[in-house]
Amino acid sequence: MVKIAGIEMKNPVMAASGTFGNEYSKLIDINKLGAVISKSVTLKPKAGNPPPRICETPAGMLNSIGLQNEGLDAFIKTTIPMFSLFEVPLIVNVAGETIEEYVHICKQLSKHSTVKGLELNISCPNVKKGCITFGIDPKATEKLVKAVRKSTKLPLIVKLTPNVTDITQIAKAAVKGGADVLSLINTVLGMAIDIKTKKPKLANITGGLSGPAIKPIAIRMVYQTAQAVKVPIIGVGGITTVEDAVEFFYAGASAIQVGTGSFIDAQAIIKIIEGLKRYQI
Amino acid sequence: MIQEDALVLDQKQISDKYFKLTLKSQFISNNSKPGQFVNVKVSPSITPLLRRPISIHKINKENNSFDLLYEIVGAGTEILSKRKVGEKISVLGPLGNGFTIKNTPALLVAGGMGVAPLYFLAEEMKKASIDAVILIGGKRSDSINCEEDFKKLGFNVFVTTEDGSKGEKGLIINLLRNHLNRQAIYACGPKAMLKEISKMAAHKKIGCQVSMESYMACGIGSCKGCAVKTKSGYQMACKDGPVFNAEEIIW
Amino acid sequence: MVKIAGIEMKNPVMAASGTFGNEYSKLIDINKLGAVISKSVTLKPKAGNPPPRICETPAGMLNSIGLQNEGLDAFIKTTIPMFSLFEVPLIVNVAGETIEEYVHICKQLSKHSTVKGLELNISCPNVKKGCITFGIDPKATEKLVKAVRKSTKLPLIVKLTPNVTDITQIAKAAVKGGADVLSLINTVLGMAIDIKTKKPKLANITGGLSGPAIKPIAIRMVYQTAQAVKVPIIGVGGITTVEDAVEFFYAGASAIQVGTGSFIDAQAIIKIIEGLKRYQI
Amino acid sequence: MIQEDALVLDQKQISDKYFKLTLKSQFISNNSKPGQFVNVKVSPSITPLLRRPISIHKINKENNSFDLLYEIVGAGTEILSKRKVGEKISVLGPLGNGFTIKNTPALLVAGGMGVAPLYFLAEEMKKASIDAVILIGGKRSDSINCEEDFKKLGFNVFVTTEDGSKGEKGLIINLLRNHLNRQAIYACGPKAMLKEISKMAAHKKIGCQVSMESYMACGIGSCKGCAVKTKSGYQMACKDGPVFNAEEIIW
């Protein structure tokens, strides 16, 4: 048992937001995970961006899903009850366009005992409004986190974007605002062009880079942030093996998330949990 | 659905760019239906990173295996073609919804590699004693696959190539016009072709199912990467599809 | 023949700074290149960082060379005469700790006709003073470029760092300062940890990520910058094949540089030059 | 120096983790000296990205080929071990300075895989009628390679293993003490071992050359990645080395 932000977990390994749904229960025993972070939920349902939404890059992938999700009401009505059937802590990832939206969503979610924690997504590069505009400005970060902090007693994780000049400034602002834990990194803004059609491979033009390619960037940011703040850090970015996970712990993370790694190997997350037992972390 | 390291039982080069791969899997060979696919990790390396979706082409009950029929179009399929008998390949499947088989005379329309899932479909139709006519279209004669296999099932097969090097010269759409007396169309191929077919089917009020291609990451509905635009919003090709009712699609 | 920043080149393909020396003349015909950009030269000789200085990452590598170079005087005495034996334009990459240093180096270099252009490195992540501190601040960028601009008539390329929140701001500042051309990207700050020793793989702890892994980031930044400024852009980052190069041209680059690609295949740069003939760029 | 796609003539597994690879190259087999190495692209894929430096172990003049002797220690050498006869592997070489052969009784000291370049050196010494004694140290018996090969050249060989499973039990340094009557030491192995040897050599005023390991990118002196700290500043292992006079190194 480990405790991250006051949330009891069987181990410090979580499924990253947007990459893991209950579909994986057909392939692995979800109850073995430390926690599941659900896909970002927004106030209203979101259709997401037009396809193509994903493409492959060297040792990585780009996505421009655009936070497709059912919206807060449906999430409360269907996804929360569905997850209540599992024994794994559910952490809900929240995205909004305004401070009021974040606050409202978090307040509503806090009423449900199945929800064990909140992860504020202030780092999605694929939507036009809100979200990352908070995550690239220390003042906006602090203000947002402060407002949300007041609205909920749930453990509050703030998820940072790597698309900034100095991650430690944003990290410090989030902590000042009241974040219990920081998670990093969200995807790195990237782009790819199909040279046959001469057009961007994603309909949205740019997208978020994830997977092994970004691991050195994530490790660096976790390391820098661990030197700068005192709260626990959840490392995410390019983890596909237990060795990758261990690297994040040595960089200063207290827990990790697996995202793209699950696409490549649905069992990766279980193998990491098993593998970590061999290490004294 | 299962993720397993499946043993390569056979790997045959059919022509220049086309290969048939036989993989052992009790689960997949026993639980798949036509139109479903597997998501294949072509090599254990992190490049190429993502799994590649490939249709289930044929089930071999006798040895609990299944066949994939695929074309080399890029790095992933190239690497797949180099995998050898005795090696293991990680597959995730069976995935997707598959075709809904209607008990009416069927028209199967394949563009290029679209024959892959349609052969499995034809086999099931044969078992269910449903009459089927198969149209196969391609660029050149060497992009026409499985003609003989369909014939062996006892079905009529019509072929068309863009350069006329095999069958009739022209687009498959022209061939289609002669077969609009059928009551159900099952189509797989390039998007442009599917669009034309579905227009024609709608016009003639023939039920039409199309198998849609899309880039995929998870293959199981979790990542929302494989969106297809439909009248009821974005649907996931990997889970809600890959087979859709043609009239549902917003082309 | 193409003209980049007024420099006549046989083609728009250059060897990137710090990755290509005259040693390559044993392996390829250097005279076939569009231009060679020499390793950053500093006012005084620089020993560089302690080893290990490089390590591999997924589809990329980290380096923390720390601008090891012979210093301006030796560069003028030995490297310039050596390059004068080739028929390929020499563009000298310049790094400094202060504006005065940059200005002084550029003035001295401008006296030598072998030097056909200057590339200001305001983007090296591996030295403690100067350099990247200019490249992450639009005001500092503009001031530096303006000062250098006054001190030389040579074509002036400014090389940007990707380690910023908004590349277009820095790009605009460089252009305002008088840059003829922008080159991007320099390496992405990253880190790797050896899980056996639990220590960073680089003695310098962090290093610069290069190679195919960063291509989507470079493409995105070239694209963004091409929308934001009117000067030509030289694209660099992860190019190993002609297809990679073409992707940069479609993103808005007028020329490209090959860095890490030469380590993997010394002939890559020649193959790219040959391959580009098949495309109408 | 040359970069070429060299044909694999042979790939032999010597023991659990050790392999010998024979590559065809007229240029490299005709232009190499002991202590030089080749920079090997273990596969055409972009992972692993960088070339791997491997010493030239033996020249086979009869068929214009050369041997590499290597140990699987990670992903790169693992992939290399899977390359098959008839395939081509991109090599860049010969690289580095190599050993300077002195015309005096020699002591060759190999730690683990350090035998790789020393065998080539011993062959050249044999040709030049220089007397040599070879010390080989390793963890266990299966990390001792080439003992018989050196003996076949007519040289005396002494072996030591840390667990005593072959030869004397202990570190190679202990063995070394008995052979300090020799006038030139040529050593290759882990850095800690080289440091000890060079201390001892300095103490006894014996000329000592050491082959230093370092991570490499370009392999030819352009990237400044493979720095070794010496009394005259950072030197490049790939170009100024890998062989250095031991007294030059700042350990």
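A few remarks follow.
First chain written, first letter: the chains are A, B, C and D, and each begins at residue 1.
Just so it is clear, contacts are C-beta pairs under 8 Å (C-beta built on N, C-alpha and C of every residue); 3 or more make two chains touch, one makes a residue touch a chain.
Not measured: the values here are computed from a predicted model.
In terms of the stated touch criterion, the partners common to chain A and chain B are C, D, listed by label.
Centre to centre, using the average C-alpha position, chain A and chain D are separated by 47 Å.
Computed from the mean C-alpha positions, the centre of chain A lies at a distance of 34 Å from the centre of chain C. For this pair, chain B with chain D, the centres built from the Cα atoms lie 53 Å apart. Of all residues in chain A, those touching 2 or more other chains are 58-60, 211-212, listed in ascending order. The multi-chain contact residues of chain B, meaning those touching 2 or more other chains, are 46-47. With chains as nodes and touching pairs as edges, the resulting graph is complete, every pair of chains being joined. Residue ranges of chain B in contact with chain D, taken from their complex: 45-47.
For chain C in complex with chain B, the residues that touch the partner chain are 58-59. Here chain C touches chain A in the complex through residues 57-60, 62, 136, 163-165, 188-193, 195, 198, 205-206, 209, 211-217, 219-220, 223, 238, 243, 246-247, 250-251, going by the rule given at the top. On the chain D side of its complex with chain C, the touching residues are 1-3, 41, 46-51, 90, 92, 214-229, 233-234, 239. On chain C, the positions that touch chain D within their shared complex are 18-21, 23-24, 26-27, 39, 47-48, 50-56, 58-61, 63, 65, 68, 211-212, 240, 260, 262-267.
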